[in-house]
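Look at the two complexes coming up: chain A is in both, with chain B in one and chain C in the other.
Here is the complex of A and B:
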């Protein structure tokens, strides 16, 4: 067989990314192995997280050494992660769909009445939207602490406390809106002229053309964009840590309750976990990371199902 | 372990080479020391570095702020030569790593700050049991009878208390929860102490990130209460927060001042064991402030080579003498070590090789 160096090197390069991913997952599974055995399935349903007394002698339970009183349960953080991300999506989707439609449909109308000396509007506006996507998350966090949290505390939250689920969700929504808006805009721009024009020729209003012809055509892209955005929201760490109110051992009861997300909780606990002589705390944090990975995987798989049409009502005939 | 040692040595060699090349005028290569850990000690290290390296041109000292837990862990692994920690090493860690030392560098304290509209210029009196009640959700209102009893004549508002705690691992959480444990048996039996504890579920309670996060969370939330390291007392004052008087072991209410923290330190001096792992929290003394602590350097007695060991000793001895000058310490509101503690520390430093 002929050896093809170019193809071989491409193969090597293309295998590198999945190999790195497998290595990370494998490491997480092996490293957290002891914690998975010790925590059992209750890990996912327990509300209490307790590193135990790191300053007394460790105790041995079922042959595994743990700090006295240690108890690892992450239901609070799973719910915090899902709730903040889902609310963020609920806020971001209408915003970004609106922005994308405006840029694709309304701006050309404006463009027609633009005086000559003015630069084109659409490139400028869409660049602004894209610019939001590259703002570092800690900047959003700072804005959240300085502006959003006092605002929520003063005008919205009955307890007067602005740190919590709503603040985290709004900060996340701002971060993911440009992701959804730009992917949607790109595909709206690619819709063929003839589709729009035939709809207009049938007597459809502009609103009907957008809502009944164009949006259904970009449904797949919209879902793809949402999934991309959800991936970022689920894993966001710093900005959430700064505004979420860092709940522990308590489930949120309202949209103003403090929450913790998985990613921000790992960051906040790692330092203390490192001084655990039995290492069980760090292993349990690795197990949480594994859970986050599974959640992200599940989100992606659902999106694949949605976009492939397997769940679509229309294709069921 | 072997590989990491090799990597570290080659890294150190490369660094030393770079330094030597950079400072072509000096006669020999500088020894590189790396410090990491406590974010409370970090500002002090930053004040120390320029003066120390000016006095000891043969030693290069790099400082990073990561957190006490990282300081301890990286010092044990040998990734850094000096780990900085607000908390001394636990029995468990010392048993596992008998060569690790906890050497006090300075004395710090912690204020209990509150945001009570109209009352922030008054030093509200609070005790360990009251704070334990607030942080475990048993005392929920500012006009609770326990707080009223401690503050006769103060018009306390009928408003829900918002307790703020640190979400990140912190030496401040360590000494705060130690105060609650020492003064309140119920707290010691349930939550106990640590750099991150399993906070009881309190409706409306908030977690904040870092001392600066504590200050902004307390400022943004009227009727809140927070524990904040004294090195941030200027920021807390600027944010308009009040400072509480705390009940000490002798039953008196005290503010964190040089005098009251000094009393706490002096009462611990005679009890400090040779390994210097002792809590200064809830110390006896008529006017002793109850939340004070030694700030520690976490050092491995076995350094990779003689030059590094000498450099570490030089630095620690400098920190205990010239470095304990008030011109550095007053900037971060720390206090110098009593002479007897300096002697104990020097005995520990002599063990490094």
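Here is the complex of A and C:
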């Protein structure tokens, strides 16, 4: 085989990308190794996260040094992550489905009667929906703290405290609507004229055409978009950290309870983990990061399988 | 005959019900769109109003002092970290994009593409924590510009590679063939024909990556640290400030001055991010129309 230096050097550059990913996974595994051994499977099912006594001499268990009384369990954060993401999905799906249908079907109808001097509306509206996705997470968090949390505290929460699961879910919902809406909009626009026209010919109203003919056709893509949005919601950090209230060692009891997600907990623990002389807290945090990586990887892979059309009913011949 | 007569009112009732359901459906959909776009407008409005009213000359000329003062150190830090990240990521990302577009239609290319997608989907906090344990603690760089820039680079490289690949694939194959027919070498075809033909797409990708790096927070908390002072030029062992840090920590402070700083920082970040994204979309639309 002929050696092509140009191709090889380009290949070398592109191998940086998978190398970075492998390095991330590998170093997280190596670094958290002792923590994985010490925490065992109970890591996922224990409620208490206790750094132990950082000022007394560390004790040695099974050859691993840990602070006296240390106990690491992340069930609270797993529940917090799942609860906030699922509620966010529940809020986001109807909104984004409605928005996508309106953009795809109603706006062209409205535009038919638009005066000549007016610029087209749909590109502007769909651009606005796309722009929601690019607003930095921390700006969403700022808006949550300044607008949403006081609102929830004043009108909804019985305790008068707006920080908690509901605020986190609403902010997450707003952040993921554009993902679902644009995925759905794209696939709605690709539906063939014949399908719509035959539905119209049967006497269906325009809304019936959309809800009973077009939506079922794009069901798989819609589910793919929702799973993709779920993947984003699970890993979201800053916005959740700012509005969720940050709970440790207590499971949420209502939608107004303070919660922590896996991602927000990692950020909030930086200072206290650093003060652990045995480093076990930092190692356990690495194990949490690994758990988060595995969860999002599984969710994103599912989304990819769904949106790629491999499972689509229409492709089955 | 009598049957149809008897059914007439029922048909009318059914038609009426269908019409009503349709109207309710459309109104609900419109409401959905309103609820998606409304918060965006509110966010832009609230941040712009509070941000602009906090603007003063002092904001751009002095550094933060506790939770007061200006934002000069944070603005500088964001620029330094983003520039550093781009400096590392653009050559790698564009190179990877070229490889994937020109020679990547094989198993190896598909594997790289898949792993690049996985990297895109990895939560940024996981990348930040990776950098913390590797660069900040194990290599002993402490909180530093280099650790932050490398983290940002890992974050944006997959975007750059993907957008570059898409842009290069738009260049028609006949142009490559014409180049080869004239006896051009592979690098000449890539750098003198394909890349110039797709340069607007590549620049678009770089700008979007810049927008991401300016707005990112989570990976920097564990790598950049925070500093009240201007950057001292050291790549390692010196923490550096950045705008998004001001947003999430100063809004939790009790006094109004630090809130004003948080909003001012948020306004600057949002301005850059939205300007880049709106500009890029308008340009793409114009080139598509012509």
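A few remarks follow.
By our rule, the second predicted complex is superposed on the first by the 278 of 317 C-alpha atoms of A that agree within 3 Å, B and C clash if a C-alpha of one lies under 4 Å from a C-alpha of the other, contacts with A are read in each partner's own complex, and residues count from 1 in each chain.
Keep in mind that, in the parts below, a residue touches a chain if its C-beta (ideal position, glycine included) is under 8 Å from a C-beta of that chain, and two chains touch if they have at least 3 such contacts.
Please read all numbers here as calculations on a predicted model, not as lab measurements.
Superposition of the two complexes onto chain A shows a clash between chain B and chain C. Touch criterion met: A:145 reaches chain B and chain C at once. In the superposed pair of complexes, A:103 makes contact with chain C only, with no contact to chain B. By the document's definition of touching, both partners, chain B and chain C, reach A:241. In the superposition on chain A, the chain among chain B and chain C reaching more residues of chain A is C.
With both structures placed on the common chain, the touch criterion links A:270 to chain B and to chain C. Residue contacts after overlaying the shared chain place A:74 against neither chain B nor chain C.
Applying the stated contact rule after C-alpha superposition, one finds that A:159 touches chain B and leaves chain C untouched.
Only one of the chain C stretches 39-47, 75-83, 93-101 or 219-227 carries C-alpha atoms that clash with chain B in the superposed arrangement, namely 219-227.
Chain A residues 145-146, 241-242, 267, 270 lie at the interface with chain B in one structure and with chain C in the other. Of all residues in chain C, those touching chain A in their complex are 18-19, 21-23, 25-26, 28-33, 35-37, 39-43, 46-47, 50, 91-92, 95-100, 102-104, 108, 111-112, 115-119, 121-127, 129-130, 133-134, 137-138, 154, 157-158, 161, 185-187, 190, 211, 214-218, 221-222, 244, 247-248, 251-252, 262-263, 266, 269-270, 273-274, 277-278, 281, 285. Chain A makes touch with chain B in their complex at residues 48-51, 53-58, 67, 69, 71, 145-146, 149-150, 153, 159-163, 241-242, 244-250, 253, 258, 260, 264, 267-275, 277-278.
By the touch rule above, chain B contacts chain A in their complex via residues 66-70, 72-73, 87, 90-93, 95-96, 160, 162, 165, 167-170, 192-209, 213, 216-217, 220-223. Listing the residues of chain A that touch chain C in their complex gives 4, 6-7, 9-11, 13-18, 20-24, 27-28, 31, 94-99, 101-103, 106, 123, 125, 127-132, 134-143, 145-147, 174, 177-178, 181, 205-208, 210-211, 231, 234-238, 241-242, 263, 266-267, 270, 282, 285-286, 289, 292-293, 296-297, 300, 304.
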